[in-house]
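Going by the order they are written in, the chains are A, B, C, D, E and F; count residues from 1 in each one.
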Amino acid sequence: MFSVTVRDHMMIAHSFRGEVFGPAQRLHGATYVVDATFRRRALDSDGIVVDIGRAAEALREVLGELSYRNLDDEPSFSGVNTTTEALAQVVADRLADRIHAGDLGADAADLETIAVTLHESHIAWASYERSP
Amino acid sequence: MFSVTVRDHMMIAHSFRGEVFGPAQRLHGATYVVDATFRRRALDSDGIVVDIGRAAEALREVLGELSYRNLDDEPSFSGVNTTTEALAQVVADRLADRIHAGDLGADAADLETIAVTLHESHIAWASYERSP
Amino acid sequence: MFSVTVRDHMMIAHSFRGEVFGPAQRLHGATYVVDATFRRRALDSDGIVVDIGRAAEALREVLGELSYRNLDDEPSFSGVNTTTEALAQVVADRLADRIHAGDLGADAADLETIAVTLHESHIAWASYERSP
Amino acid sequence: MFSVTVRDHMMIAHSFRGEVFGPAQRLHGATYVVDATFRRRALDSDGIVVDIGRAAEALREVLGELSYRNLDDEPSFSGVNTTTEALAQVVADRLADRIHAGDLGADAADLETIAVTLHESHIAWASYERSP
Amino acid sequence: MFSVTVRDHMMIAHSFRGEVFGPAQRLHGATYVVDATFRRRALDSDGIVVDIGRAAEALREVLGELSYRNLDDEPSFSGVNTTTEALAQVVADRLADRIHAGDLGADAADLETIAVTLHESHIAWASYERSP
Amino acid sequence: MFSVTVRDHMMIAHSFRGEVFGPAQRLHGATYVVDATFRRRALDSDGIVVDIGRAAEALREVLGELSYRNLDDEPSFSGVNTTTEALAQVVADRLADRIHAGDLGADAADLETIAVTLHESHIAWASYERSP
């Protein structure tokens, strides 16, 4: 199995609901350093898993829809705790949508899985992996 | 599949028995930067894999039982080479014990796997993964 | 010259005023991974620059006053852009206050400089260095 | 499942054929920081996955055959795009050859998989995983 | 003293002349992860050392003139060993040219120094620092 | 000013005397990831600060004298707390001895300073800088 990973980041504000979150129930924020991994069983005729330029561009666009925003004000997250693990799924799902729309090329239909890791600090990170 | 990882560290002395270890048969030591990863198929009602505060606390307690010690003097490691890979299993097993004892909350019973990685230097690390 | 550095982090929300900031004029947030460096010409009688436990505790307390907050609502930052470089100064100044108050011990009066670096992402960071 | 990883690097020149590569069709180069991971279900009688000294030596030798070279001039890569993902496979295959030749010891025959990751920059990397 | 650093990278081919370079006398290549640091005694009225967007853009343009090239073929490096330390100076000098041309804004004239670090691998890097 | 840095590591056991060290008064150990930086005002005729191969070899030899040992048993450290900052000085002093002995070549006599940083974990490190 092959994989290719590209890294980018986003900076957001948000707050959590639920006693489990302690002081993170207050409005605060995070930089998420985001790794998007694309896995495929075989390389294409160019010798690649996916066009890394297109993959980086797709990730940049997905993160651009979230970055420099207060996620508490985003209708799409109404009633949802935008935890690191939940946001990893959001980013992976939106990358899958772009793959289905052809943004990563026709060959990207062959991808086995997409995995997204969000690093919230030097001591904590979360991931979500799905088929495209 | 979702995962959450927390990082901490421990500093120990030990020696190894066996010619394969060369100069590491002498008493020496290591800093292990330890990553504990918890995987689960779905998020709970708070939108999390596991309470990250409790997970970090459980890891700190497990490492606190090992850190600032000469592992050669610990009865629990009598006759055992405390290699990086063996210690990864020790940490994972002790985290599993804490999950069974309820330290990470009732929902932690649903975890698919626990994976523990010990970084012994910038050029070597070892992991162990198990079901809880 | 000797130095010792300890690392911790904080997670905050804020916004900036000024066209130079582009989309960062919107309410957003950041994780700052914070390195506090203490420099001294000679080691004390214990062979250390500063008690690393006390240094880490002082840094944790300074960051605890800022973390999990919307800095736009903090009276102490009224009319101030809480940029990465400005916050590096805030953290350094508050560490200096604690040194003057004796929190790092009597020997800390000998420190040459304190330097604070705030990493806002994997591709950008800022520092401030001052005498204590 | 256990794993052990060793890290080394190589520095090569090459060019790519295909419009997808844009400016990378010109002769350029890369440092690849290379992680080789060896996985096994159980530890051997010494408490290890593999002799880490031998594993590091095998990786150094495999990378030594590639490093400080223009891969465009290597007959073994004639007609092949030496992309990061393709080179990850080359390194993994050559490590597997050495395992079969006994370079990592008799116990290495039990390895479940070898995984090789090549980091081409701080924002992109690729992997290949196979059974030995 | 304040500083702000931005990180980017370039990928080049080159060779060295001189026995001291051993196998690096052959045509090979490198990824350089490049950190450009701008230092100033005081923050401007926006609370910044330099417009980080403009700084990142200036660095990207300087690296774009070098990346995806065989430096042995560049007339500007004729007769010069493009070592990591020599390239750090090239990048710093070209950033200084852009500061003088006003690309980083009028306030950038106040900068104390520019420092450029090129990481050639996980175990080696070089820097050059100058006044602008 | 130019600099070149090489990274290596050592693994040692030791204990500290003094209440300030808390549990680190017990026999324990550490991995130190060690960065040795060599600074010079100008490059030599090859375009380098120092022969990086020789610098790496000198660092490897200095660390080889310390690694895989219990520093409490080394006569040269009798009555000395081998703290991270004290060991940074030991490594820098021994590198200076090798420079004086000519191990880094005749040009190394021109070096302005040597700086040594020992990383004891992901959250703490210490440095010592001296003229050679």
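In this text, a contact is a pair of C-beta atoms (placed from the backbone, for glycine too) under 8 Å apart; a residue touches a chain by one contact, two chains touch by 3 or more.
The structure presented is a predicted model; accordingly, all values stated were derived computationally and were not measured.
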Residue numbers at the chain A-chain B contact, same meaning over half shared and different meaning under half, come out as different
Specify the angle of rotation obtained when superposing chain C on chain F by their C-alpha atoms, rounded to a multiple of 5 degrees.
120
Quick check: how many Å separate the C-alpha centres of chain B and chain C?
31
Note: chain E sits from chain C at a C-alpha centroid distance in Å of 27
Note the residues in chain F that touch 2 or more other chains, in rising order.
7, 122-123
Please name which positions on chain A make contact with chain D in the complex.
1-8, 43, 46-49, 51-53, 56
Touching chain A in the complex: which residues of chain D?
16, 18, 20-22, 80-86, 88-89, 122-129
Contacting residues of chain D [partner chain E, same complex]
7, 9, 11-14, 23-24, 26-33, 67-70, 120-123
